[in-house]
Amino acid sequence: MQQSISFFSGFGINDLWFLGEAALRTLWISAVSISAGTVLGILFGWILYEAKFLGAVTLAPVLDIFRSVPLIIQLVLFYNFAPIIGLDFGPFGSGIVVLTIYTASLVANVARGGIEAVGKPMRRAARSLGLSYWQDMRHVVLPIGGRAVFPSWVGVALGVMKDSALVSVLGYVELLKASQILITRTQEPFLILAIAGAFYFALSYPISRYAAQLEKRWAQ
Amino acid sequence: MFDYNFHWRPVMKSLPDLLEAGLLTLQVATLSMIVGIIIGLALALIRLHLRGPLHWFASAWIELARNTPALFQLFFFGFGLGAFGLHLSPFTIVLAGLSFNCAGYLAENFRGGFQSVPDTQLRAARSLGMSAWQAYTRIIIPQVFRIVYHPLTNQLVWAVLMSSLGMLVGFRELSGETQFFASRTFRIFEYFAVTAIIYYVIVKVILGASRLLAWRLFRY
Amino acid sequence: MIEIRGLEKYFGALQVLKGIDLDVAKGEVLSVIGASGSGKSTLLYCINGLEPIQKGSVVVDGTDVHDKATDINKLRQKLGMVFQQWNSFPHLTALENVALSPRIVKGKSRADAQEIAEQQLKHVGLADKLNVYPNALSGGQQQRLAIARALAMEPTYMLFDEATSALDPELVGEVLDTMRLLAEEGMTMICVTHEMGFARDVSDRVAYFHHGVMEEIGPPGQVFGDPQSEHTRKFLSNVR
């Protein structure tokens, strides 16, 4: 029993609130960046698809940079670069900007894959029925291509949600940063980490399972 | 528009140290890949062929690795184990965290690889008098290896990028070393910009080498 | 000699072999015919121990296949097997496909194994494909490769599990020709097949399987010309 006493001694109900608030911040920064990054990423994906050669020599290498440099370095760089050009976003704003672009760089490939998945014959059939380019995009490419890559998009989104923990490096108190602060104060590392881990897991596991099931069902 | 003066000289002066730290990054990433491959292979085989406690253990490992942030995993090996009086060196923390993570992701890749080699290959090998071990090492695993080759390459890139988290647990790999110099000179942007380039080059070299190796290895 | 006594085999609750008694003498060519699901392929798997059995015994040259004490890997060297899906090893060249098991199972030197492989590939008419990977071979060529691979172990018996069923019609002939060649050379063969022409012309005996039971066995002239069982008669009238 000694163990369980030392487990809870330094950790009170207020601390749980503190963690809860931080978890909300994790959710918030993830939701904003994933939404904005997805919109931007779809746009990029569409450009990559339509502007084949031009896209491959201009946009693609730029997006590739965001996938080839650690996110944490991107965060530190942007956070320290913005003031140089007279902008000050603060930790939250910088986090949003970097996570959004990072998400977009990943979603771009997913989106392009989605458009490619629709296939030329189907598109031609749609156009032959008199659908305009945008009608074809809206009523054929979006539902069919979107379905094909939805599971990959879920993977990207969950990845960004987990990676949002890195914004802590800028001092933004999201869930992991809050855990770290509490650990220093209460000396209850195991309990606090277990709570934080359980939160991420409870969010990520069901969603990834659901996406995997959808993928299986749609593959049939 | 900027009133900021870029100072690159200090960075250039510590470039040799940064490059050396880059080697440490490569080293820890490669080591964690090796450990990850061995454990991941075992986890995949357990998940495919066994029932009971070992199966649950493997599933728990895989799902925890995939559904919690890598930084959380690092913290766990850092502070979390401290709760049990186990204090690892920064190098060990990063190696353990990365290996844990890689093993989880690779296990799923391996599982998919094993599932896509038809059972009949094993039967054919056994019908020639090969032992189960020979059939696996000579017939099944080489085919699985080809299927997971690209995912393996991607995972190595991830390991390199993830190792940058070492900076948050006091490990002086490339990012940690950069932070060390940056905080001494206050040339944060310059240092991290150069480091970003080094990461980019490391990633490109890995991808290039992997493509070259694939061309040598897979003649079929 | 292969001696099968009272062989029973279940997949779960489903009984697929219901007490088979069968002897195959050295030098004999036995064709096994019957509808899909009649248990004929399972019989082959039980003969070389790829499937466990529930009752009875399979004895090959005096060795019980399903005895725990039997070194099954050693015994399988006597029993070459060719599958319906040819199962060539895609990561190895034709030569490596054939040379691998003599080397790692029988412990032959690399050079010896290579020589055996070349010889067997020549035997099945693939002398010009030594360094080709299977994906560059046709189905018929891959199946002949599989035959060469089995022959390289110098087996006493060859088991063919519907070796031509998965092939395009125009490729069936070349594989049957190879099998015919083996039969002429005196190889002991058990061929599960749907090729009635082959069964009639090449085999010494034909066995008809129906729902896990060996309904009838005899010389091809008798089984095809004057079938004793009602099931056999019906089956043969349908396949013609």
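For clarity, chains are labelled A, B and C in written order, and residue numbers in each chain start from 1.
Assume a contact is a pair of C-beta atoms (placed from the backbone, for glycine too) under 8 Å apart; a residue touches a chain by one contact, two chains touch by 3 or more.
All of these numbers come straight from a predicted model, not from anything done at the bench.
Enquirer: Taking chains as nodes and touches as edges, what kind of graph is this: line, ring, star, complete or other?
Expert: Line.
Enquirer: Which chain has its Cα centroid closest to the overall Cα centroid?
Expert: B
Enquirer: Among the chains here, which has the CA centroid at the largest distance from chain B's centroid?
Expert: Following the centroid criterion, the farthest chain would be C.
Enquirer: What is the distance in Å between the mean C-alpha positions of chain A and chain B?
Expert: Chain centroid spacing, chain A to chain B, equals 20 Å.
Enquirer: Taking each chain's centre as the mean position of its Cα atoms, how many Å separate chain A from chain C?
Expert: Centre-to-centre distance between chain A and chain C: 55 Å.
Enquirer: Using CA atom averages as chain centres, what separation in Å is found between chain B and chain C?
Expert: Computed from C-alpha means, the inter-chain centre distance equals 46 Å.
Enquirer: Which residues does chain C have that touch at least 2 chains other than itself?
Expert: Residues of chain C never touch two or more of the other chains.
Enquirer: Which positions in chain B touch two or more other chains at once?
Expert: In chain B, no residue touches at least two other chains, as defined above.
Enquirer: Across the complex, what residues on chain B touch chain C?
Expert: So the residues of chain B touching chain C come out as 118, 120-121, 123-131, 134, 138-139, 142-143, 146, 219-220.
Enquirer: Flag every residue of chain C that touches chain B in the complex, lowest number first.
Expert: Residues 48, 50, 73-74, 76-77, 79-81, 83, 85, 87, 89-91, 100-101, 104-106, 133-135, 146, 149-150, 153 of chain C touch chain B in their complex.
Enquirer: In the complex formed with chain A, which residues of chain B make contact?
Expert: Of all residues in chain B, those touching chain A are 1-2, 4, 63-64, 66-72, 75-76, 79-80, 82-84, 157, 161-162, 164-165, 167-168, 175, 178, 188-189, 192-193, 195-196, 199-200, 203-204.
Enquirer: Where on chain A does chain B make contact in their complex?
Expert: 65, 68-74, 76-77, 80-81, 83-86, 158, 162-163, 165-166, 168-169, 176, 179-180, 183, 188-191, 193, 196-197, 200-201, 204-205, 208
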